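In what follows, chain A forms one complex with chain B and a second complex with chain C.
And now, the complex of A and B:
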């Protein structure tokens, strides 16, 4: 009698990710047979209940898709609505939007680097256990994260689901003087972020460099955050409004989130590695130098080193936030008036985890008639599975517990936000 | 030596924001971790200890048959169960489905309705199991979360004032946006806890902490209508992040223009 030598690695639930998912890896006769990232987080139907609501509610409602990156949802939502209404928001109002987005990048990146990802490299279950032997590092992370949150809560009213962002600008804008205390803290934060880059660079990285298709925003002068064209390293260069002509979704049976694909290239990667590799020369000189010191070139294809890239982007966000505060002049009005008109608008911004696309069709009375939202983790989902397919074959001899942990770490490279990805299922609303 | 109480953090349908509030307590997190054993908190740790748990924090609402069973297991494994946030306490924003014709809705939305398992309604945890304490907010206030933890550790009831956001405004000396600017505001019927941030930023409260104790929603609706706010808009104001909390649900139903209830997707 022969025994079938089938081994299944199961990680259920996936931990230190946002939301609920699990991983199944099937190994048959010493070969990798199947990889499935399962998302069982229940769908919440956002695009469905946005219909009939007033456009002014879009930023507050879509923020609730994700408690980790609510600013990203608010930013893409207001831009898409403003596009539909033909509204331009620039000058100090746009600078303030970048400032609050910097706060979210800092808060979200630092959370991931110190509390969710670093423990993998150092062999701890979590940051609290890591703090017992790496107290100074964890405390630095908490202090930096707090500054990111302070920017968001000062400008937005609170850290999670801020209340101050609106179509056309803000409900209330700060005075020059009110921003001074933040500037003082950000000067410390820039130094701390340089230490963060050094810490991240000192971690051990496995050799692994897939041939990624990177997709991110690109702006003529700035590191991409709130504006730009969509570009890739495969020749893509399109306006945000053309997104749906180039990217499609597949429905796979094992997931409550659709998989996004990019033409004949199939899977693609969004997020820190893509932004960095497509926009290195747009980083501040300080951030570029820190990246070089950390041993990174202008392109980074090792997903495990995303922890270094996130740290470099944290430094960038600290420097950019400081620049905005130092050159800030209070605008004469807190917002540009919005007059309802019928139309369709598109918005895409760089959430900490990558591009977040919104489209709204608005009626003449200001009601939302249709909405479509594509979060970054849905776009990365297919690529996460592909990373595992490429990463695992050389490591199948590793003891099971260790191999399971390595799989988890490879998934956490993406800082996946499963809460975001799941609501994506509703996309079918628009296709019927 | 007494052992540390075991803490568990559970997630149902939600955005993760309320449990993130615990990680957002940057100054207190390590102290909290010193006072309790974090036994089940998948968002923060891959170390998972078996129950029973002394304190369970539950985030999210019940929206699937699987979750309707899972919450009973959580209850059985928990000595004290505290719900955190509007989803767990009132069904959350996803409870907007509760006002739709779900049969039609599912058929319209899904090519293959059998594939997606979802309940007709998004409901609060207390609709399924006994709950020891409910912490309000979308999201919760992290200072109030620390108060809940501290109260639990000291064997007392958490102190979270049940008065309205209106009272918080007065306590903070914030100019009334409704009286001074005519901005519609739910502060007069909404549970305190946020610190009246919306009026402080010159906008009306949108009710994310849910109804206060004994809210006079009818009087507020009459005032909105007399100020020229359309009935449809008044309905939507009560149908936000706590739409299925009973006083808000009843008020939105009372204000709903006849014959238009089916137009809301």
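And now, the complex of A and C:
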């Protein structure tokens, strides 16, 4: 009997990701045997925290789930609550919501592109070493991210865990004049974001194009951010309220995060690649042109090129933010009044990492009776493992250090936000 | 507030309010805020390294206060003044953010964006879980850091 040779790659903890996780890859006799992305941040009981609280508290409580994308949580929360209350928020209030969301996309994408992901492509262990030889690029990233921060802290009331958003609108809305300084900065940011796209496009990309099932929002006229129907490249076209009829979450033993699945298709992908590939023609002409110049077609299936797509989306967010500010007219009221009524509401918005689904059941007195939150990283988790299963077999011969590097790079393609993804699943054990 | 923004000295307290001893830096910032010493700007941070860079730009002297885990007994106080060497506290890399405090210091150094003086007070902690209580020794260390910072700026 020949001796079996087993090689285990272990990356514990994963660095340059948001939160705490690790990766295990087992290779047996030269064949890929097992891939497990483990998420071991403690389960967070936010869905349970929400029960019994007033609906007006949902945006502020759920914003605490993530320090990177609090706006996404607030946005999905207010939308779901407003859906339950039969409240429509449109006109300048909705525009302001898109504006603050643009700020979050800019912050989050720029941080990931320059500080967390670009070093992988250029062969640096981190952004500090990258800055020694690419100082101008890193400085551009810092300046761009600062503009995203400024939008969020200005409209959100403060930098960390913004507090100005509420069910029905905002606590306070800005005057036109207050937005002028941001417009000036955004004009610079649009140019800087075009340079960002060129920089990202100049990086070397491994050849790898899985047959993804993309899922994102799609709006009749806009690049999806805060509204739309849920669509896929496999024929899905449903209202947000039908999400749970098509998508399921399952617990896997090796992770504290739930794995989401999409019917018979199983794993699916949410986030920049899905949004872009399902909505290319909804980008601004400027962002479409930058994408074409960067060598992207209207569909992008190479996950390593997500760094280019994030840069294109950053440009889109800068242009969209500028458009909103330039056409802004201060609304007469900062919010639409909400009257409690019993009902169930659904919300889904495009967080930087992909769709974030919320459902609330609200009682007649306005208290939350049940809540369900499905963050983007738990939807992508199964697909991340599948990417590694498809990416690794052709590369098993490369030295271990390089292979480990490539695995980490492939995980970072998703900009996983592990803090958001951890849930606790109620287990029911049937003993026969 | 405008006067504080122009102060040459800035204290940044770093931490997570609901992770036990990790809140130490925030508690120092809040206590200092209550004492409202003149000529000092005070900020709180959850440890997103990149926003630290923006905050300390053009400051003459910056105090960073953070919790640390280096194996010393809880409540132990470390004081570093950042010189030419690498950041002496590897433990500050343990941050829930992809880009934390130690990275921010090193990146600022690389880009020539450090304040003229950067002083780090690191408080040794033990309990960092969500919902953990603050250790008694850390609570005492918080008061000690407040005293020392006030003494350093001669308030």
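Following the convention adopted for this analysis, the second predicted complex is superposed on the first by the 420 of 432 C-alpha atoms of A that agree within 3 Å, B and C clash if a C-alpha of one lies under 4 Å from a C-alpha of the other, contacts with A are read in each partner's own complex, and residues count from 1 in each chain.
FYI, contacts are C-beta pairs under 8 Å (C-beta built on N, C-alpha and C of every residue); 3 or more make two chains touch, one makes a residue touch a chain.
The structure displayed is predicted, hence computed values, not measured ones.
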Evaluate whether chain B and chain C can sit on chain A together after superposition, giving fit or clash. clash
When the two structures are overlaid on chain A, which partner does A:163 contact: first (chain B), second (chain C), both, or neither? first
Is A:16 touching anything from chain B or chain C once the two structures are fitted on A? First, second, both or neither. both
Which superposed partner A:51 touches (first chain B, second chain C, both, neither): first
For A:115, select first, second, both or neither according to whether it touches chain B, chain C, the two together, or no partner. both
Looking at chain A, does chain B or chain C touch a larger number of its residues? B
Give one of first, second, both or neither to describe whether A:142 is in contact with chain B, with chain C, with both, or with none. both
Applying the document's definition of touch, where does A:61 land relative to chain B and chain C: first, second, both, or neither? first
Can you check which stretch of chain B gets into chain C in the overlay, out of 135-143, 225-233 or 243-251? 135-143
Under the contact definition given at the top, report the residues of chain A touching chain B in one complex and chain C in the other. 15-20, 41-42, 44, 67-68, 111, 115-116, 126-128, 131, 138-139, 142, 145-146, 149, 159-160, 419
Chain C residues touching chain A - in the complex, by the definition given at the top: 44-46, 48, 50-51, 53-54, 96-99, 103, 106-107, 110-111, 129-130
Of all residues in chain B, those that touch chain A in their complex: 11-18, 20-21, 23-24, 26-27, 29-30, 33, 38, 42-48, 63-64, 66-67, 92-94, 96-97, 100, 105, 108-111, 115-116, 118, 122, 138-139, 141-142, 194, 197-198, 200-203, 206, 208, 233, 236, 241, 263-265
Which residues of chain A touch chain C in the complex? 15-20, 41-42, 44, 67-68, 111-112, 115-116, 126-128, 131-132, 135, 138-139, 142, 145-146, 149, 159-160, 419
Residue set of chain A touching chain B in the complex reads 13-20, 40-45, 48-54, 57, 60-61, 64-68, 70, 111, 115-116, 125-129, 131, 138-139, 142-143, 145-146, 149, 157-161, 163-164, 166, 170-172, 253, 256, 334, 405, 408, 417, 419, 425-426, 428-429, 432
